[in-house]
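Alright, structures below, take your time with them.
Look at the two complexes coming up: chain A is in both, with chain B in one and chain C in the other.
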Partner chain A sequence: MSLKNKLHEFKEKNKGKKWLPLFSGFHTFLYTPNETTHNGSHIRGADDLKRTMNTVIMALIPCLIFGMFNAGYQHYLALGEIKHTANGFFNPEFWTTNNFIIGFWKILPLVIVSYVVGLGVEFLFAIKNGHEIEEGYLVTGMLVPLIVPIDLPLWMLTIAVIFGVVIGKEVFGGTGMNILNPALTIRAFLFFAYPTWMSGDKVWVQGAKADGFSGETILGTLAQGKEVANSVLDTFYGFISGSVGETSTLLIILAGLFLIFTKIGSWRIMLSAIIGALIMGYIFNMIAPSMEGTKFYGLMATTSWHHLLLGGFAFGVVFMATDPVTATQTNKGKWIYGFLIGFLSIAIRVFNPAYPEGVMLAILLMNVFAPTIDHYIVQGNIKQRLKRLKTKTT
Partner chain B sequence: MALLNKKDAALIKDPLFDNNPITIQVLGICSALAITAQLEASIVMTFSVIFVLGVGNVVISLMRNIIPSKIRIIVQLIVVATLVIIVDLVLKAFAYELSKTLSVFIGLIITNCIIMGRFEAFALANGPWRSFLDGIGNALGYGVILIIVGFFRELLGTGDLLGLGQKLLGHPLLGNPIPGELSGLYKYGYENNGFMLLAPMALIVLGIVIWVQRSRNTSLIESH
Partner chain C sequence: MSTDIKIKKGLDIKLKGEAKKELSIAPHSKIFTVYPEDFHSIIPKLSIKVGEKVKVGDAIFYNKTNEAMKFTSPVSGEIAEVIRGEKRKILAITIQADSVSVETHKDFGIKVPSNLAEPQIKQQLLESGCWTFIKQRPYDVIANPANAPKAIFISGFNSAPLSADVVFTLQGKEEAFQTGIDALTKLTTGKVHLSVNEKDSFLNHIKGVSLHTISGPHPAGNVGTQINKIDPVNKGEVVWTVNVQDVAIIGTLFLTGKYNAERIVALAGSSVENPKYYTTKIGATIISILNDAKIAENSRIISGNVLTGKNVGLKGSLRHYNSTITAIPEGDDYEFLGWTKPVFNKISITRAMTFSWLTPNKKFDLNTNTNGEHRGFVLTGTYEKVFPLDIYPMQILKSCMYQDLDEMEALGMYEVAPEDFALTEFICVSKQAHQEIIRKGLDLMLKEIG
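And now, the complex of A and B:
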């Protein structure tokens, strides 16, 4: 008997047991369950939730690996063991085993904690409520380690993940019912609960807090009105300090194209967010000369397109804003939603010097408004069609 | 012989649990969010509301037959305002520091929906003794929630409780009693959760209290 049949038989035998959802959670990773629908639609697409999630994870893997190399690179750079070299993306100083090992040992625990804790909570709720395990955490679990500073203590991550999954998702009824993006809820919790570990110049480079050297992000430097040492190409390739996996705009663009090509991510949201950010950045560029000397000048004078390469903007727009659960559902709504995310990200970034990254707050805010946007677009459509009906009948 | 007969005891007991003014009737949320960052403030607020609601209910109940119904709201407001001013002055005289932390929120007891709600719903229709019990019961129900929320917020937000032993979670009994160094849980890398001190977290803690209460007693869950 093949393994597939054995597993199915095992499932039949243990029907009704409390822990069965746990088993089927792993089981459906390997095989499609050999059940047919009992009622309703009988045609099913192959791209179920699990496949959707796996596609996003595939898009995230390059960012994760780049993050590992970058962690080591930033560490040695801050220690002065690497002289700054920006000779293109395949720079041999960057892709060294030494760099990778540091990042690997720092980032792997983050990934493991994120998955073990998050899936643990999901399993608990699935067993308690007696439903199948939902795959919603697969992507969140990979996003979370990529959007936190590398030195974040693991117990903080544990608490934040429990908070994010329970309060951000399970209280609303689990995957597909949540209002806020769980990964961003986790990050927002960390940011407000432990600000000394989530902002400032001591957290972005591995070992900075312990060894006392500074590893300011580019946005932080700009917010203080100082000159940035890194070239524009550096910020594009991602050889800069920042959260684990969000620095490389190049890889994120590739991942974004991959998501658009596989029709997992919405190109409308991505494009409109970029347009929104450019417009806001352009407005700031226009009024920047009159603001010279104020604390907003540094970020206001940053060229609008350069804003796109800095901070977590690209990562947020490609992976977080396009989350199909929390984004708007209508096509027109997606344009509005994306545009406002880009627009607000840059506005928050410039006007909030204590926190020089706005994309997290912008996306969370728009998550809250997404259902309202959809509601008015649907109502508008209904009204239009009613009008058409009336003119036809008269 | 029991001190209270069954019907009277229910007046105290119901608002404590199954008909709690905060978690079931969802009244008085504003002050629950504002002053629960400290346990001490929560406790003082509880006693203030017990006094105002207990005495106020009796006063309204005594006057219930002579208040013209057209101006009853104004009469009620005057009664609350008088009592609140008494509380405010007493606090200013005997606990000045505390009255500064509570700032306007003692004055805002006047606008606490629980108080006007009890006057309208109970004291206007019942005798003074029963009104008194009802007032005490509702104020206690309000206070219990305040104290639970305040306990978790202060403990997790500052690591301290009522100023006990400098820092409760950093107490030397919990480990590393070397002076001048981090002691207690802080030695192991624990840090206070700053989010707990912000108002959103009060709402979330309150939500968790409601969640626990309703999952223990499923008859409280509204059907819709």
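And now, the complex of A and C:
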């Protein structure tokens, strides 16, 4: 008897058991179920939620692998074992096995903890509520290790993931019902629960603590009005310190194009967010000369397009802002939503005294406002319908 | 006079097994079945008993809330069985048919519609059972004869996958069709809208209608799409719709004085060995139509098209409103790593390792597998790509699910029928049953608002 038949019989035999969703969770990964349509549409399209989520994960993998190399690269740079050279994206100093191994062993535990803890919570809720295990966490689980500092202790990650999945998602009813992006909820929890740990300049580079090396991010440096050592190309390629997977703007752009090409990611949100950020950045550039000497000057004077390459902006716009559940649902609303995310990201970045990164807070804020934006867009459609009736009757 | 309308949003689902333009006469079915469930929201009251003889056009049951509305027999013969379900609900009435040579008809009298007034035409239609072919929006139920519709809509072509070619199925019925239109024009003070596609046919020369040429992908041929683009239904308004083949049945009633349930149906689908057209009657058994056609084993047999039809099985019958019978393979099998492997043999509007976008002209052999599990709504903006109505599809579906009557009304519930949501259902990654959600929503509104 083949594996397929064995699994089928096992499923049939245990129908109605409380723990069956746990089995189905694994079973449906191996085999698409034998479910058929009833009445209504007898045929169905090829895509399901697993495929959709999987496409996003595929887009994230290059960022993850780059993050592993970069972790090692930053580590050896900090130790002074290698010297910084500008040699283009295929810099041989960067793509070395040594770099990869350092990063791999540092990042793999983050990925494992994120998935094991997050899916564990999902399993528990699936069994408690008697529904199937939903795929939402597949993407979240991959996003989380990419947006945290590499030296994050695993126990902090564990607590944050439990908080993010339970409070950010399950209390609202699970995948599709949440208001806030769960991955960003996890990150926000970390930043507000452990500010002394998270806001320092030591966590961004693995092993930097011991050496008293300043592993500050570029945004941090700019916020203090200091000169930045890295070239613009470095920030574009991603050879800079920062959260694990969000440094390489080049790879994020490619991932964004991939998501647009596969029609999974919303180009409306991505494009309008970039426009929003450029406009805000340009406004700051205009007024920057009059602000010289203030603490805002450093980031205000940063050229508007350069902002796009720094911090988590690109990553947030491509992977976080486009989360369909927490974004606006109407196409018109997506333009407004994306624009405001870009606009506010740069504003928060410049004015936030504690932490020079705005995209996380901008997205979470707009997550909250997304239903309101949709409400007014839908009202427009409703008003049009009423107007049609009025012109008829007069 | 003709106006051109171009539909941009939609999806043509190209499937294998299109019916060839060959016509066979299906052998006379020995058993005919009438299913009250075809007439949504009608509560049937039987007018006959088991064992009684009926002629073609004799009432079998009538509408409990409007006794003038009769549902009549498509054949002459003897009532064989009344099948009941829970709470004695009538599920089906079967009729043992006479052979064709001794068939008897109830005579409703030859009449010229142009000489008749509106009440006489209504009377004729209600008495003969032809009223059942007139449906109304809002609610997508049989029209209430007490209403005055602002317009009547007829779609002169099908755009759903594998559905029958209208012009082919109306061959020889051109005069009946014109007579049917003449009758319908008397029922409204507004216009009778007839929509055709870009192919020229006798439909382009029908008199007394407002003609529209519609182009674009499915659901261009759905009457709901056409209503929305031509003259949308507002609150308090009613429009009526009639299937194009049934206009000819109405016309035949006036021309001959007889109720003639004859239909040319397309037998299509990848499970059919030699798909083509058959002449048969409403209520005939599927087996009688399949007579010389071979159907692959483990197939689903659908009365209607693959997007909106009913799963009737081999033992079922041709349903009241259908002019297509489709047979496609059942998909009750597992697929190894089906969620992640590249897909070439299924249709998708994304490119998430699905490659149907590379082969826009390829004909697919789709089965009934859901290709994934039921989930909550997650993706946004995808339904809009295949939904041409000026309505927010996801929002209206959700309002039906949480049963907010005010919101349903505001979002345009009066304008829609379940079939308008067949394509959004097809592409839904969350595998939600859109048509069922809309049907339940409409039923709720019908009950609460009426």
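One rule holds in what follows: the second predicted complex is superposed on the first by the 380 of 394 C-alpha atoms of A that agree within 3 Å, B and C clash if a C-alpha of one lies under 4 Å from a C-alpha of the other, contacts with A are read in each partner's own complex, and residues count from 1 in each chain.
Keep this in mind: a residue touches a chain if its C-beta (ideal position, glycine included) is under 8 Å from a C-beta of that chain, and two chains touch if they have at least 3 such contacts.
Quantities reported herein were computed from a predicted structural model and do not represent experimental measurements.
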Task: Return fit or clash for chain B versus chain C, each positioned on chain A through the superposition.
output: fit
Contacts of A:P153 with chain B and chain C, given as first, second, both or neither: first
Statement: Taking the CA centre of chain A as vertex, the centres of chain B and chain C subtend an angle, in steps of 10 degrees, of 100
- prompt: First (chain B), second (chain C), both or neither: which does A:I167 touch?
  reply: first
Statement: Between chain B and chain C, the one with more contact residues on chain A is chain C
Task: Check whether A:I264 is in contact with chain B, with chain C, with both or with neither, and answer first, second, both or neither.
output: second
Task: Using the superposition on chain A described above, determine whether A:K6 touches chain B (first), chain C (second), both, or neither.
output: neither
- prompt: Taking the superposition as given, does A:F192 touch the first partner, chain B, the second, chain C, both, or neither?
  reply: first
Task: Figure out whether A:K18 sits in contact with chain B (first) or chain C (second), or with both, or with neither.
output: neither
Query: Once both structures are aligned on chain A, how many angstrom separate the closest C-alpha atoms of chain B and chain C?
result: 11
Message: Shared contact residues on chain A, chain B side and chain C side combined as an intersection?
response: none
Task: Under the touch definition given earlier, write down the residues of chain C that touch chain A in their complex.
output: 13, 15, 161, 232, 234-237, 300, 302, 306-311, 326, 328, 330-340, 343, 346-354, 356, 366-382, 384, 390-392, 394-395, 410-412, 418, 422-423, 425-431, 433-436
Message: Quick check: in the complex, which residue numbers of chain A touch chain B?
response: 153, 155-156, 159, 167, 171, 189, 192-197
Statement: Given the complex, residues on chain B that touch chain A span 189-191, 193-196, 198, 204, 207, 211
Field: chain C-facing residues of chain A, complex
entry: 4, 7-8, 28-52, 54-55, 132, 134-136, 173-177, 261-264, 266, 268, 324-325, 327-331, 334, 378, 381-382, 384-386, 388-389, 392
